[in-house]
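There are two complexes below, and they share chain A, which is joined by chain B in the first and by chain C in the second.
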Partner chain A sequence: MTVVIGFEGSANKIGVGIVRDGVVLSNPRRTYITPPGQGFLPSETAKHHRGVILTVLKEALQQAGLKPADIDCVAYTKGPGMGAPLVTTALVARTVSQLWGKPLLGVNHCIGHIEMGRLVTRANNPTVLVIALQDIREERLDRARVRICDKLSRKNLVKLRAKIREISPCFCKPFKTIIVPINYHQNGRHSSGGKLPRTGSNPARVIKISNDPSPGYNIEQMAKRGKQYVELPYTVKGMDVSFSGILSYIEEAAHKMLGSRQCTAEDLCFSLQETLFAMLVEITERAMAHCNSQEVLIVGGVGCNLRLQEMMGTMCKERGARLFATDESFCIDNGAMIAQAGWEMFRAGHVTELPDSWITQRFRTDEVEVTWRD
Partner chain B sequence: MAVEKTNNHVLHFLRSAELLKQGAEARVYRGEFLGKPTVVKERFPKLYRHPTLDEKLTHRRTVQEVRSILRCRKAGISVPVVYFVDYTSHCIFLEDIVGSVTVRDYINSAHTSEAKNLEVVARKIGEILAKMHDEDLVHGDLTTSNMLMKRGPGCGEADLLLIDFGLSYISALPEDKGVDLYVLEKAFLSTHPNTEALFETLLKSYSASSKKSQTVIKKLDEVRLRGRKRSMVG
Partner chain C sequence: MAAPCNEYPANIALRSLLPDREPRKGGISKDLSVSDNAMSVKWTADEARILRVSVGSFLDHLALVLETMEEFGPPLTL
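Moving on, here comes the complex of A and B:
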């Protein structure tokens, strides 16, 4: 029996989860919620996390009915994510690891989503669409493929992986990966690197959408009441999409339409969803056709969106492919997903020595050598 | 009347045709049209997206594909002949390039002893793309499955054709052309592992054949760098 505790705090959620051999024993979490139309700044988010992390940790142990001595390994999110919150989380993980005398393990956040998705759905070898707060990425981690990503092809990957335009996804076949950063939140400082994004790159801000519980959720609710389809820029280039056109359109033209009552905010949310998701489903379908893939798993925050699920499901049906059900346990950032990925890695002999237990805001999924799929 | 007639053509054709492939976007059928071997590309409705959006996209892509093919033919770039288009069912009737294989299959089936042949192909791709870009045509979906070879490997020199122009557009911007090459590079290297040298040959031939290649290659390098930086986020 192997028991792993996982700490996740790469964005506005702080969670601690405990997993024992594929069973989630506990998974408490807190979310830092900002006022409508505002994103969360790294320092404020870290402050929130610092305030609650020990309470969450206590809850996790209590709910699992475990003592520190029962834990075999302490996993934490090494990245990618926002610097300050990552540091806070890693600091606590490091401390308890030393206090309890248990090995430490840094985990890639996206691998956490994927491994949790595989655990919950028992999907064998799916194409995974990971929609984290910052991005949507489609991953297919399978033994063979990831192993092919050895030194030589890793070099290719660096060349391959890219976002072509302002915000666009990237496709990389050795991984069967599409990465699409999508973010309803983004505001003020960019979460990674502290650079200012173009103003107005946030539809939620323009339409003044509440962050409680999340802008994505509220966009979905408003979209249900939208009736009129407003045509928005639709950009698909091969396996890449670009959202920059939509975002600036919402900022400018749509803003005026709202003012003159040509359409409602609900209509805009509806059209935004229809357009964004059509683009995502289209490139997913392209990737599937390209890789002869017949299974899809949606993971990450926006993955909870029922309309996206419906569209993806229709696409899969038309192709005779299978869409796995989405579940909050692997879609929304939480501690158990880090624990689960940590569990796999720990069993495969991975540990992180204290001097190596740093965090990184940028951490590509393909930098992780997947050795636990044998 | 006219519509009814064309629809009859289409229905008649599709009934007797054989489904060749269901791609991401369209169904491709093979059959005979007015006595000629013909391929029909049918952009059928995608039920997952909003009907208005679907109709717009399908129509735009069909129009664009036909336009770009004609533009290529005028410029002497090898592409299949368009026999007939039906904008109600979004079907394009194209010359069937009989006995052709996609460059993707060609490369995959080539033996190591045929490295020379592959280099010839890479050079040809570079040339045809240079010609296309010099016409200010950006393909938008360059992959090795969207290029056809008239003869299989081991049969000597072969002709190269471009297909699948649904995402193409007109642009003189080096940036757009650079991105076009970048899309190809990603697709090429991921479909065919360890072909960096081959792709280099392709780019060299592109540079040698295009008058405006210098700025395009510069943009390509920029896009690569951007990709590298951005891809590490999130």
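Moving on, here comes the complex of A and C:
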């Protein structure tokens, strides 16, 4: 039996989860919720995490009914994410790892999403759509870089690369993964790197949507009451989607339409979802065709959106493929996903020595050498 | 990796705090060292403003590590 504890704190959630051989023993979590229309800043978020992380850790141990001595490995999110919250989480993981005399293991956040999705849905080797809100730094929302990583032969690789410009050069990894960052609070100030090309592009802020429990959830609820479809820019080029047109449209034209009551905020949420998700379904379908895949797994915070699952389901049905999705307990950032990815990695012999345990805001999924899957 | 069990707390804290580099490139350097059970930190900074940010976040980090050691220490003897 291998027991792994996982610490996740790359964005506005702080979670600690314990996994024993594919069973989630506990998975408590807290979310830093900011006022409507505001994103979360790194330092404020880190402060929130510092205040609750030890309580969450105690809860995780209590709910699992375990003592520190029962733990075999301490996994934590190494990146990608916001610097200050990542450091906070890593500090506690490093300290308890030393106190308990257990090996430490840094985990890629996206790999956590993927492995948790595989565990929960029992999907074997699906095409994965990772849709994350805030925490995927290097894959920007504006001009989102969408990549497919796949277990491919050299020949296929060359073929694929010719088709897909944005494909990464170093990627013989057992993932067919599309990573799409969707951030309803896209705003230069809120990104740790501060390098996002546009500032102020922020649908949730324009429409003033509550962050409780999350802007995505509230957009989904409002969208259900939307009646009128407002046409938004639809940009798909190969495997590449661009959301920048939507952002500037919502900010400018839609803002005026709201003011003159030509449409409601509900209509905008509805149109936003329909447009974004149609783009995502299209590139997912293309990825499946490229990779010859008959399974789709949606993970990441937006992955629990039922409308997206419905649209993806329709596409899968038409292709005779299967769709796998999870609910909010495992889609949204949580500690168990880090524990699960850590469990796989630890069993394959990975550990992170303390001097190498630095966090990193940018950490591409395909930088991870996958040794735990065939 | 795991530390020996009869370790000074200052050494545990040192190893928890060392791995992360200063977020800012240049203009500041920080050296941490431990002798017996006392940690010493030496900062060198170009500007007071940069120094203040670095010291502030270091103290936040140290406080969290100390709190963790209080709650979940002393080191387990196996």
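Definition applied: the second predicted complex is superposed on the first by the 322 of 374 C-alpha atoms of A that agree within 3 Å, B and C clash if a C-alpha of one lies under 4 Å from a C-alpha of the other, contacts with A are read in each partner's own complex, and residues count from 1 in each chain.
To be clear about the criterion, contacts are C-beta pairs under 8 Å (C-beta built on N, C-alpha and C of every residue); 3 or more make two chains touch, one makes a residue touch a chain.
This structure is a prediction, so every number in the text was calculated from the model and none was measured.
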{"item": "First (chain B), second (chain C), both or neither touched by A:1", "value": "neither"}
{"item": "Partner contacting more residues of chain A (chain B vs chain C)", "value": "B"}
{"item": "Touching partner for A:286 - first (chain B), second (chain C), both, neither", "value": "first"}
{"item": "First (chain B), second (chain C), both or neither touched by A:101", "value": "second"}
{"item": "Chain B and chain C footprints on chain A, overlapping residues", "value": "none"}
{"item": "Complex contacts: residues of chain C adjacent to chain A", "value": "1-3, 5, 7, 12-13, 15-21, 23, 57, 60-61, 63-65, 67-69, 71-76, 78"}
{"item": "Residues of chain A touching chain B in the complex", "value": "80-81, 132, 134-135, 137, 148, 152-153, 156, 158-165, 170-174, 179, 181, 192-193, 229, 231, 234, 236-240, 274-275, 278, 281-282, 285-286, 288-290, 310-312, 314-315, 318-319, 361-364"}
{"item": "Residue ranges of chain B in contact with chain A within the complex", "value": "22-25, 46-50, 52-53, 56-57, 140-143, 167, 179, 182-183, 185-187, 189-191, 193-194, 196, 223-224, 226-228, 230-234"}
{"item": "Residue ranges of chain A touching chain C (in the complex, touch as defined)", "value": "46-47, 50, 53-54, 57-58, 68-69, 83-84, 87-88, 90-92, 94-104, 351, 353-359"}
